[in-house]
């Protein structure tokens, strides 16, 4: 209950950041009279921004699921956790800009540094958030050291992937693009957190 | 309770997508001094975007009611359901773009393909979502095979109508427009899901 | 509980419509070097849009309070009520456009017709919403015929004021502007709904 | 429970205002072919708006935490409190404009007057809100006169700092900028409200 409003703010920021992404897909201006070829060219020109929309929406969805999972075990929030959460949301809300930049300059190293850097910083905040919650007894009793460690591993794995994709993108933008586009696939697949562990914990509630 | 935050994210995305639609209705720039005729012409020029706003708002409202009805019976969410929900919301959040495109090029087959395709994909996700929830025991006990089938029929009916309107629009844009504009009428009318069935189920809770 | 998600959608639409209003207050472009006079002129030029922001924010706040009060007594929602609520929100979400139009053409009868018409239609939906809820037994038992009538009177009074301001504005835009700007004052003052009646009802819960 | 929807509206407005801030960070248009120097210059040109995004996001986060803390002790809302809350949110939702103005004209006294004035007015509303809640018995019993006074002191301290930064900025814009940028540091540090006092109160619930 104590964490209810923190979740409400977070859900709001996620929902808005995800929906604002669509504002970067702009209706093209075609010369009149509109021809079939003109339309096909215009639609092809939309592809980078549509791809950016889809990838960023799915990545934000993935991050939101991580937030959701973490808060299932957080029972109380203290001042520091509130702030870590706000710095985390600051990164989340910056994703629409990073996406627009990437869609506009898809082959520039700077684009991948901004995009990857935003996700990387968000991942670090997420890790600090979890460590603080575990370290200050703000999580429920079901969080044994093993569960805490599993979460830590999973978040760290995400950070490592962001770091690799960002570094790759800084030198070979195309490789970075492919890595970011593939990231959701990594997460849609069942994760390393043993589902039985989580379910048992939930069942005990 | 488990599904509370999924509903919060969904309600946020719906509320934002519905409200963002209004950003596509733009204040016209009139030559000074403003004359009565100039104003009437400018207002007439707003009609496509106002119509797009109204139709898309009502269609999104209709889809939200479907989401609302489905979640009344969903008791738990698993990883796959979270992801299906995110892909579903990805389509919902794309509607403002599809609407703006349609309002800008109302008589182009491409516009109706984008608009109808977005709704069609959303409908398919909605169906997969329900099938997964029923098939993996995530729904409450009131969902007898008959209730599950009634929901499935209703969602499939929607998908069939979207498909028909999209295909018609790809060849005869005006027919597609009329079909999409009439869609809400179909749904405002009482549906095929026997209300007594739902109410009995709700009463047993 | 049944009405929880309807309220969540409504709160989302209100929050977004209220916050989107600020997008219509645009940062002016000043000639470099910026002079004191240039800045004063630019700020003076912002006044209509700032006034529009303040008045519409407060009017939407007023309408939200009305929605809040009505839903305190609504216990269940049926299909028709869901739809009336969506048509009501359609008017609410249109207010940012109506405000931007009014701020851009403050002295045009058309502006006041659009602005007043949006509020008027919203008020009518609100009245239909209440009448449906009362007529179909969707409200809690505390709603005696007297309480129902008090709500009806209050909503009707609002509709009458909107109608008067819209009609006046259609002929004398300045009078309409003053009436709309004064509307919140009418509502900030204690209303005709006997607070004891409401509090007793709430206490009985 | 009574205050649930007020919190929902507030959380929505905060989440949207915070996320809309990112719309003011715009993707720069670079001359083709994009050169390394051109990109560096463009990124440097983004600094004021990125700084504005970060500072305003953190300040809004800080204000949201204050709202959150205040509502933990508010048990009921009356008509006047609803209105004070709406006037308070009116200031919160204006922050994206004030931030955009400041990012566009960072060295103009007018920018600091608008930015600081918005925060100052919000702070005053927050103080009136708390005083009204305490004075009309809308807070829970844990709020002893000492707790009420601690809150009052903290809000007043914030108002004093806003006032100082605004006045300084009106004469020396750079000093105002530094003060506003440092404000969050003041709040991230543990506050003067004795945490034991709050925790004891919470424990008694």
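Remarks
When the chains are written out, they are named A, B, C and D in that same order, and each has its own residue count from 1.
Methods note: a residue touches a chain if its C-beta (ideal position, glycine included) is under 8 Å from a C-beta of that chain, and two chains touch if they have at least 3 such contacts.
Computed from a prediction, not measured in an experiment: that's the story for all the values here.
The copies chain B and chain C differ by a rotation of 90 degrees on their C-alpha atoms, rounded to the nearest 5. Of all residue numbers that take part in the contact between chain C and chain D, under half occur on both sides, making this a different-residue interface. Centres computed as Cα averages put chain A at a distance of 25 Å from chain B. Centre to centre, using the average C-alpha position, chain A and chain C are separated by 36 Å. Contact of a single residue of chain A with at least two other chains is seen at positions 8, 11-12, 15-16, 20, 23. Per the touch definition, chain B reaches chain A in the complex via residues 2, 5-6, 8-9, 11-13, 15-17, 20, 23, 79, 82-83, 86-87, 89-90, 93-94, 96-97, 100-101, 104-105, 108, 110.
The touching residues of chain C, when paired with chain D in their complex, are 7-8, 11-12, 14-16, 18-23, 25, 27, 30, 34, 39, 43, 53-54, 57-58, 61, 64-65, 68, 71, 188, 190-191, 195, 202.
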